[in-house]
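Given below, in the form of structure tokens, are the structures.
One chain, chain A, links the two complexes that follow: it is found with chain B in the first and with chain C in the second.
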Partner chain A sequence: MIHNMHKNCTAMTSLSKLDFRVNETWLPTTECELIKNQSPSIYQQVSSKTRDIRVEHKKALRPEGVESSTIKQDYSKELSEEIYSLFKASDEQNFEDGMETEFSKKLICLIKEYADEAIEIITGIIIYERVNAEVATEALRWLGNIDHAPSYRFRLWLLERSLSCSKARIRDGAILGLSSLNDPHAISYLKLAIEQEKCTELRKDMEQVLAQLESIS
Partner chain B sequence: MPFLLRKIRKNRWYTEDVSWLNSGELQADCLSDMVTKHNKLSVYRITDDKSNLKRVAAALVATCTNISNFDYFLFNEELLQTIGIKSEETKGDTSDESVNSWHIDLVEISVAKLVNLANTASKYGERDRILEKDIKKILAEGFRNGYINREIVKLKSEEVEKIEKLV
Partner chain C sequence: MIEPTAANRPELKAWIANSLRMTAILSPAAQLPKHSLWEELFGQPPENITSQPRTGVQQEDGSFEGGRLSVTVQPARVDWMLTVDNNQATNSPIPSIGQFVDLLNLFADKMTRWLEMSPPLQRLAFGSILLLPMDEESSARQQLLAYLPFNPQNFENAQEFLYQINRPRSSTSGISNLQINRLSKWSVIKWKIINFSPNISSYSESLDSFTCCIELDINTSPDYQEDLPKEKLPQIFRELVDLGKEIVKEGDIP
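After this line comes the complex of A and B, so read on.
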């Protein structure tokens, strides 16, 4: 099955080269570094007191000198186009909780194939809110649901970071993803998000997830 | 008076933190949760004490491909009279026969009535969420007690395996 998924991913890559052309300037090469330097977020406020899990993650999974920078940039550009096209193509889709879609299947496939490379691109799309909130929310829900250890810490980081997004619907997707991951690491981020949350209904939902995580820690 | 339940996505119903929305208005996207077929809207009857709510939630999640959280709104059945919406008791399509017997179709729904129902239910009803972790426990209970016929659930086999580990 995994083999077939990988084959599908390869096919998608080929298709995206032929069918999709997006503005190549949409994604800065060092986007994640820019994100970390933005105005104060929940991520920055909490991570100033804790370790930067993302930097650790990169050190652990991407040793220096494995790829030349030119090859890596070309590879990332193709993957960026493919992932961005996937998100844009799902703009009109009506998602339902618990229902797999072509979007979720392809998203999972890409993450399993490209791990942190894919998550880094998805991070740019979600944090900079380059797609509509419904698609971003759907992606965050599935990010918490994927059974894929190599991308785990980066997915956790993105879900925690997404608690700072400007749209309430995206923040809701983040808490559902965190609820699925069920990792007490998110507790401090959730507490801060609850303090800052202006939407009463969402705050209550955040408290529900916090209670779940506190019950296991 | 019993309640009527409709599965939704809660975040489509947020009214706070949506800067362009006027007071008392709903986001149009919430109508994605009110999709009719043949001018009918499918709902489930929930008892006054809500004792069958979790069972309905589990049965509806079991009609999906993956286990997930369950968002819903509940509104008092008597609101139907206020809005002028008719209802018919029809058999539901879940893997729990009792839940199927609690199914109701709201019928002859016009666009105006649908919007009125969304507004009224939002104003007087309640929205809530059961998290995925709790849904798993409720599904396991349904498997254990034989409420849910595991042969006809629509969940993927790996999802069924997750539940069977909890039984």
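After this line comes the complex of A and C, so read on.
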């Protein structure tokens, strides 16, 4: 049994099930898979639309973001795989401070193209420490350097959150990223991190960034 | 612009719920919960646990008041969601978990209990998809317009109508500078059930059903610069729920 929803609207709805359907094609194979799983699903159809979701680039099909919305956007497995592979492929790379690499270039491109969707995946990789700490550190440095407003809040959140990661190298990357971002919002999280920091050198770095942020707030 | 007219709107209990949601955006200072949130709230294990270790997404779910309640934990957020239980057979083409107001009270009670033990939060949201069954598409459209500040006569031949708006308000919780986004989306939906034979060579369709639809996303603004005060989280959630109920009752008002 399938719930078939003919929705009389032109914009994409935010229902996750609908997003899934909209982001997929209408090819019979997908319908077969759903039937095989015996899971009722909702189909969206707008009769006057001319956009062919089988032809257009996937990114163009995502619902337009509403800044105040809290509805969870499911990210694609392909994007998750792409970002994870990028981090893994850079495991052996030597990074130098401030020097662009293939990793940083690709990372910036992905963030500028996919914004929060990309940051959400990167967050999982860094917070759960799924990759080499050096690569995670390099990513955090660049997260503070990117000029990209749509992903700003989530990048700031990830940098603040990374101050409490268990690996000192990752915390170091977060300090560098926050220094570049230069946002006083991080002050309370830096103070908390300083209280808990056991590495003297890192604590000094944190205090230095704290002073920098307090001077502008 | 005209004021929505109360006379043409049904009682709150006429609305049914397709889903209810509470989203908690975690503070950067929050440590990810390592225990089962479901078990913490219900005192027993969930029916199902799904994990995506690479991305750190974990979902637990089980039956709750005739629907399926799930909690999804991600590094930056926790989503509690009550939806239609797909394992339960139904002949109705309209996917509903029950009467909105009754379910909302039960859902809100559970959620406020969880908020009393939640990690520090940066934002909080109440979301819902609500449906009002109608006989015909034209009557559904006219009914929807009774909630909106438009003249219905201007929409007699309109199709594919969709209206979305955010009407922010200051919170009444006593937290200074806390704004609440009141995001609502209004549309008419046509539903039907399609039954496929096992080899998919033939299928049958039910008659069309129509509903008015409101999608609510009532949430604390990301512009609030601090973590939300922990002792006020249940109160804030109650306020979000009340604001949602107000929209369903009064329509789109400032």
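By our rule, the second predicted complex is superposed on the first by the 142 of 217 C-alpha atoms of A that agree within 3 Å, B and C clash if a C-alpha of one lies under 4 Å from a C-alpha of the other, contacts with A are read in each partner's own complex, and residues count from 1 in each chain.
In this section, contacts are C-beta pairs under 8 Å (C-beta built on N, C-alpha and C of every residue); 3 or more make two chains touch, one makes a residue touch a chain.
From a predicted model like this one, the values you see are computed outputs, not experimental measurements.
By the document's definition of touching, of the two partners only chain C reaches A:188; chain B does not. Greater residue coverage of chain A by touch, when chain B is weighed against chain C, goes to C. Applying the stated contact rule after C-alpha superposition, one finds that A:84 touches chain C and leaves chain B untouched.
In the superposition on chain A, contact of A:154 is made with chain C only, not with chain B. Within the superposed three-chain model, A:169 lies in touch with chain B and out of touch with chain C [touch as defined at top].
When the two complexes are overlaid on their common chain A, residue A:134 makes contact with chain B while staying clear of chain C. Taken in their complex, chain C has these residues touching chain A: 19, 23, 25, 28-29, 31-32, 53-57, 72, 74-77, 79, 84, 86, 93, 95, 122-123, 125, 127, 129, 137, 159-162, 164, 166, 168, 181, 183, 185, 187-196, 200, 205, 208, 215, 217, 219, 221-222, 225-226.
Residue ranges of chain B in contact with chain A, taken from their complex: 7, 9-14, 16-18, 29, 32, 35, 61, 64-71, 127, 129, 131-133, 156.
Residues 94-100, 134, 137, 141, 145, 168-169, 172-173, 176, 179-180, 182, 198-202, 205, 208-209, 212 of chain A touch chain B in their complex.
Interface of chain A with chain C (complex): residues 1-11, 13-15, 28, 31-32, 35, 39-40, 42, 46-48, 66-72, 80, 84, 120-121, 123-125, 127-128, 130, 153-154, 157-158, 160-161, 163-164, 185, 188-189, 192.
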